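To start, the structure itself, in structure tokens.
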Amino acid sequence: MTARERRTRILQMLQLIPILSVLVILFGGALVMALLQSLGFAPWFGINTFPDFSYFGSLWGSQTFWVSLWLTLYYATVSTLLALVFGTMLALALIKAFPGKWLYKYLYKLPLMIPYTVGIALAVIMLSSGGVLSRIVAFAGLIDDPGQFPQILKTHYGWGIIAVYVWKQTPFITLAVYAVLLGIGRETEEAAAILGARRGAIFFRVTLPQILPGIVSSTLICFAFNVGAFEAPFILGGGFPDTLPVVAWRYFNDADYTLQLQGMATVVSIGIVAGVILFAYLWVYRRYERRMGRH
Amino acid sequence: MKPKVSILSLVAACAATSVWAADPDDAAFRDAFLSGNADWAAVEARAAEEGGVNIYYWGGNDLLNIWMDRVVAPAMAEKGVTLNPVRITGTKDAVDLVLAEKHSGKGIGQGSVDMIWINGENFATLKRQDALFGSFAQSLPNSVNLEWDESDPRAMLNVRDFGVPNDSAEVPWSGEQYVCAVNSARVADEDVPSTFAELKSYLEANPGKFTYVKPPHYLGNTFVQEAVYAHNPDGTGATPFQQSVDDIAPEELARLIAPGIEYLQSIEPNLLDAAGGSPRYPEDNKALDGLFLNGEIDFSCKFGLYAVAKGLEIGTYPEAAKQFVFPENTMIKNKNYLVIPGNAPNSAAALVLANWMASVDSQVSKLESVGMPSGIDGWKLSAEDAERIVNASPGLIGVTQAELDANAAPDTNATLVDVIEATWLEVIERDSTASIEEVVATAYANLGK
Amino acid sequence: MTQVRLDSVRKQFGNFVAIENLDLDISSGELVALLGPSGCGKTTTLRMISGLERPSNGAIFFDGQDVSEQAVQDRNVGMVFQRYALFPHMTVEKNVAFGPSVRGESKAEIARRIDEILEVVQLTPFRTRFPAQLSGGQMQRVAVARTLITKPSILMMDEPLANLDTKLRVEMRRFIRDLQQQFGITTIFVTHDQIEAMELADRVAVIFDGQLAQYDTPERIYRYPRSLEVADFMGATNIYPGKLLSRNRVRTALGEFDCPHQNDRSVGDPVHVLLRAEALDIKTRPFTSEGSVLRGRIMARDFFGASVTYRVACNDQEIDVTENARRMLDVGDDVQLEIAPEQVWLLNG
Amino acid sequence: MAGGNDTLSTRLSPFQKIYLLLVAGFIVGPFLPVIIQSLAFRWAWPELLPGTWWLEQREKSMLPLAWDYVLSPYSRVWEATVNTVFIGLVVTAICLAICLPVARLLARESFAGKSAFEFFLSLPLIVPEAAIGIALLMIFIRLGLAGSYAGIIIAHLIPTIPYMVRMLTAVYQGLGRDFEEQAMILGARPLQILWRVTLPMLLPGVVAGALFTFLVSTNIFLLTFFLGQGQVITLPTLLFSKISGGNLDTTAAGITLIVTLPGIILLIISERFIKEEAFGKGFGS
């Protein structure tokens, strides 16, 4: 490397400093601090038993942690899958021409633009026992007391949470898939049809493999968000046992400050679980990609 | 097993690691004021110099929010102080902030919170953590509006907060009583319960039509306390619960609260949505109001002497709502307060604000617009002022003041609240298989007892 | 082998008429080019024959059977797309196997036929490559193989040579011709390049603005265009307005000369005279005066290696003349052009 | 009529028509009752429309009800809106400034550890927000950043950087070097190239990235909620505190609509300036 090349290289590396300082110091720092605290390092509370695996031990040893984990993953997975199916179907419809398409393309993106809390408000007014659906059912004469309306919100089935996630994320996945669909065009589908493939074969053997990159990256983001989301399970969840982010938040808000370390262990657990699942997902996908000749 | 680090050892550790640092000027003012060496004019002058005051309060009541902006802010502006009302979702957030700042070395005059609307456990926490400004309440000019003579039993609510002596480190702001309301469009008068037993039989006949706010929310805790009082096996009601954890053995407490907790367990299958698998306890005041308005529940219990009157005025209560006496003899009555944290950056302004809040004018206006009952004591006022307070009241609907007074009961000691709350969470919410005695013992252990 | 007939086929997209009453007969085993400028509707026609689009009116017959309402999958046609539309996520052999596989043929049979067809298109060494790893010509051969393996009754190609460089075009042209002859398959292709159409097709359908302008052999379309537009599109440069002096003599600004006998025109009719550049003979001095001759001077010269084209000015008009490059004339030379009457083609004025 | 052509048709199938209607209903339908609720005085089960409307009570009440409250300073809606927009703008500006050079580098240079660096850049997208938020809170309290605008702005950079880098990298890749090289040959100086060639060509992509970043920032709830400590309120946290109990009263309904409004405006703006594909670039693997 000549001196000039080296100078250019150094200048380039200098440009990376701001972004690295944000990501390494704050993001990386936060993760490291979380890990340290979950291992018993919190001198500002007068606690320093590092390394101390008892916080993880007691967390993972309790049965409710596993229930919480199951709930967290259940809500995240079901809503991601539903949003994927709805979003892909919507993207397939949107590439067609229809009257009023320009308006529809505004409309379907609305949830993408507004906070989850709005979605929660909509779920509350529509789905609660005293809500609009319940009133419509009552108007139809099917029930005469709000208590008879099937409970949708605040159950561990999480219909309300799933509804909010699906509402917010369907447009997100639609957008990702739609952009990829536009990019691949219609020709390969037409070629497949001429070669004799029916609707199902065209979709699963030709379209789907091509939109898969868009699907993978968008579902990855949705799933990770769902695992870490707080507001929807907090407001619409079924209460104890809560999802892991809510559990962590409750630890942090407990009158007993030492529980914050337990909270950190919960936070780290969320990170580990999300990390393991996402890496496994990516690994499987990468293998598939290689088989598909993409690198 | 996780090592149980007690709060007390934690506090000791904190005290050792972080000395109460101080801004010398603020520290001097605090010492002068608390020792009575600062005259009020000097305080007001200093307040104007400080120029602002940050009050942290639960922002979930629109009426209170309006009143803060519309009435308190201009009143403070007249004194040269800009009011900064910080609306928080839970009082604990402000307490956490004060403590976090204290632990990070922000001492006298160096914090960010000047005043918190507070009572109960949160105050007890601040006191335990030694994060209070000091005994200021009796030095305020308007403290004449309050009864401080402890030989008068009526002074108890001014000097003890949830049974914990407050050492005048907070000034009473509002007096409340836990009252239930019924939707009389849905329930016949003769069916309205006045005891827990009657409530239970009502629920057996009308399953799902009642619930209470989920502890550890204070509205839920209070309902649990009332049930515990009413089921006190000795028949001594609230009396034994006035002691602190230091004075009552866990086995004894477990024995006293067991019938009440068992009662709450027994009504669970008939609470709201219990038919669908698990009973539903609303998270807060607003959620409770929503259920009551929609007729999902027939009775709504919360602190709110004038809640029905105000709720009708703003449309959050059903038109046929009215109050009733429940449970007989154990309707908890308490006060809530304004506290100044030890590291308040504008302590003089906070004192001025506290003083103004204890004035007859402010209490009348708060009563009228927010419907929050007066926190000052009528018998200490001139007849004219006392009458203004009475006239400002939005009014009781369905009950009389005499009935409420006759059935009043005191709060549970703040230190016991933690234990009872933990017991409820463990036994009722988490369906623990442990006996109540074991649960109480664990709760004690967690408190470092 | 299939015979294709389009009967008053019309296609409308919204308010836009893409094809207007198109009649077209394609004999079985024939190689037909649909020729026209872009946007003329030739691709739409191809897509209607394939079944990717449905005609708004009219009908399409394969061997006399109406297939207008038949789904594309049921028509047993083949199509090679302009950009080949290879499945990017499949290897060469997977691409080729796709058709038989979705038609439910046995694995052994598919494997056998893949070997065979890859041999035909000379892609055996590339069978495990992905499309992204192939050259343009290779991709096209995969596309062809993928189509042929399904034994289509009609093979369609959209601009088959458009995306190839000059050398590959020659190669592919030959390849397509050979293939078509070998399989004897009815083949229709779309192009906007008249040379390509003439070189490959048995018959050429010229389409302008959604209407069939002429449908004939390449030679006849070149020599005897039915309209000015067709003549222009086929690359004719020497077109002059004129008037019929008698049944076999015409006058233009260039001058007067003889033409074939005109049975269906009357004397005095306005006409356009088409003179093919390569059909004129250039004479240098000494000039003769037999037949129809024009005098002029060379204004410019374009040398193409095998041929040379001169721009000649005569009577204030310009005319292009092409001849073999056996000799070279210079700019400024005076020349005489001889016009054989049978090389003069008249169009309506 | 043989079917099987639906996937290929450029028209919607009947099923797709119904599906589009259902999705539209699912997405915007619930706003209707929110609008009604915001105009109600008392709307109790089982009424399909409020028994008493706000306007009927408006003159009778001393207190600002419904929209009178929402639009008054008491509701803090205006403060939250200003905060949201301000934080969003600052985050966008900082994010743009620090991501542009990185995107250029990623698009054009190859260096050791590049793929690891790219992976690290996208990590914040897949680490759950709750984990970052709670962990950051402890650090921020130590640094005195909790509850401050600076703290929230810095925190918002974490989830926005990955999107911005991805979108800008895609733009730089699409741009290619030819144009800059052509400008160089024509005699332009580096600054002139930047100002007159590179920036105008980057602009659509930059606008897309900026709008997307702004959008993400204005939508963030958890980080603002944890790190704002109730002192910095934005539209999402304001709404959260109104509905955290799971009840939507009159003023909460009004605030819901207000919180929706910037999204609608942003939607219209972004639809004008950004093609679908540009958003798509943010998500490409």
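Labels for the chains are A, B, C and D, by order of writing; each one numbers its residues from 1.
Assume a contact is a pair of C-beta atoms (placed from the backbone, for glycine too) under 8 Å apart; a residue touches a chain by one contact, two chains touch by 3 or more.
Keep in mind it's a predicted model, so treat the numbers as computed, not measured.
The chain with its C-alpha centre at the largest distance from the centre of subunit A is C.
Across all inter-chain contacts, the pair with the most C-beta pairs is A-D. Centre-to-centre separation of subunit A and subunit C, using mean CA positions: 56 Å. Between subunit B and subunit D, the centres computed from C-alpha atoms are 38 Å apart.
Between subunit A and subunit D the centroid-to-centroid distance comes to 16 Å (mean Cα coordinates, whole Å).
Multi-chain contact residues of subunit D (touching two or more other chains) are listed as 4-5, 8, 44-45, 142, 240, 244-248. Multi-chain contact residues, meaning those touching two or more other chains, occur in subunit C at positions 51-52, 72-73.
Of all residues in subunit A, those that touch two or more other chains are 44, 128, 130, 146, 154, 190, 193, 198, 235. Contact residues of subunit C toward subunit A in the complex are 50-52, 72-73, 76-79, 81, 83, 85-91, 98-99, 102-103, 130, 132-133, 146-147, 150.
Contact residues on subunit B toward subunit D in their complex (touch as defined above): 56, 59-60, 62-63, 65-66, 69-70, 86-89, 93-94, 97, 100-101, 104, 112, 282-291, 293-296, 313-316, 318-319, 369. Subunit A contributes residues 187-188, 190-198, 201, 205-206, 209-210, 292-294 to its touches with subunit C in the complex.
Those residues of subunit D that touch subunit A in the complex are listed here as 4-12, 16-17, 19-20, 23-24, 26-28, 30-31, 33-34, 37, 44-48, 97-99, 101-102, 105, 109, 111, 117, 120-121, 123-132, 134-139, 142, 154-155, 157-158, 161, 165, 215, 218-219, 221-222, 225, 235-236, 239-240, 243-248, 252-253, 256, 259-260, 262-264, 266-268, 270-271, 276-277, 279-281, 283-285. The part of subunit B that touches subunit A in the complex is made up of residues 1-3, 5, 7, 9-10, 12-14, 16-18, 90, 92, 96, 99, 103-104, 121, 125, 208-209, 214, 272-273, 275-278, 280-281, 283, 290-291, 293-296, 418, 425, 429-430, 446.
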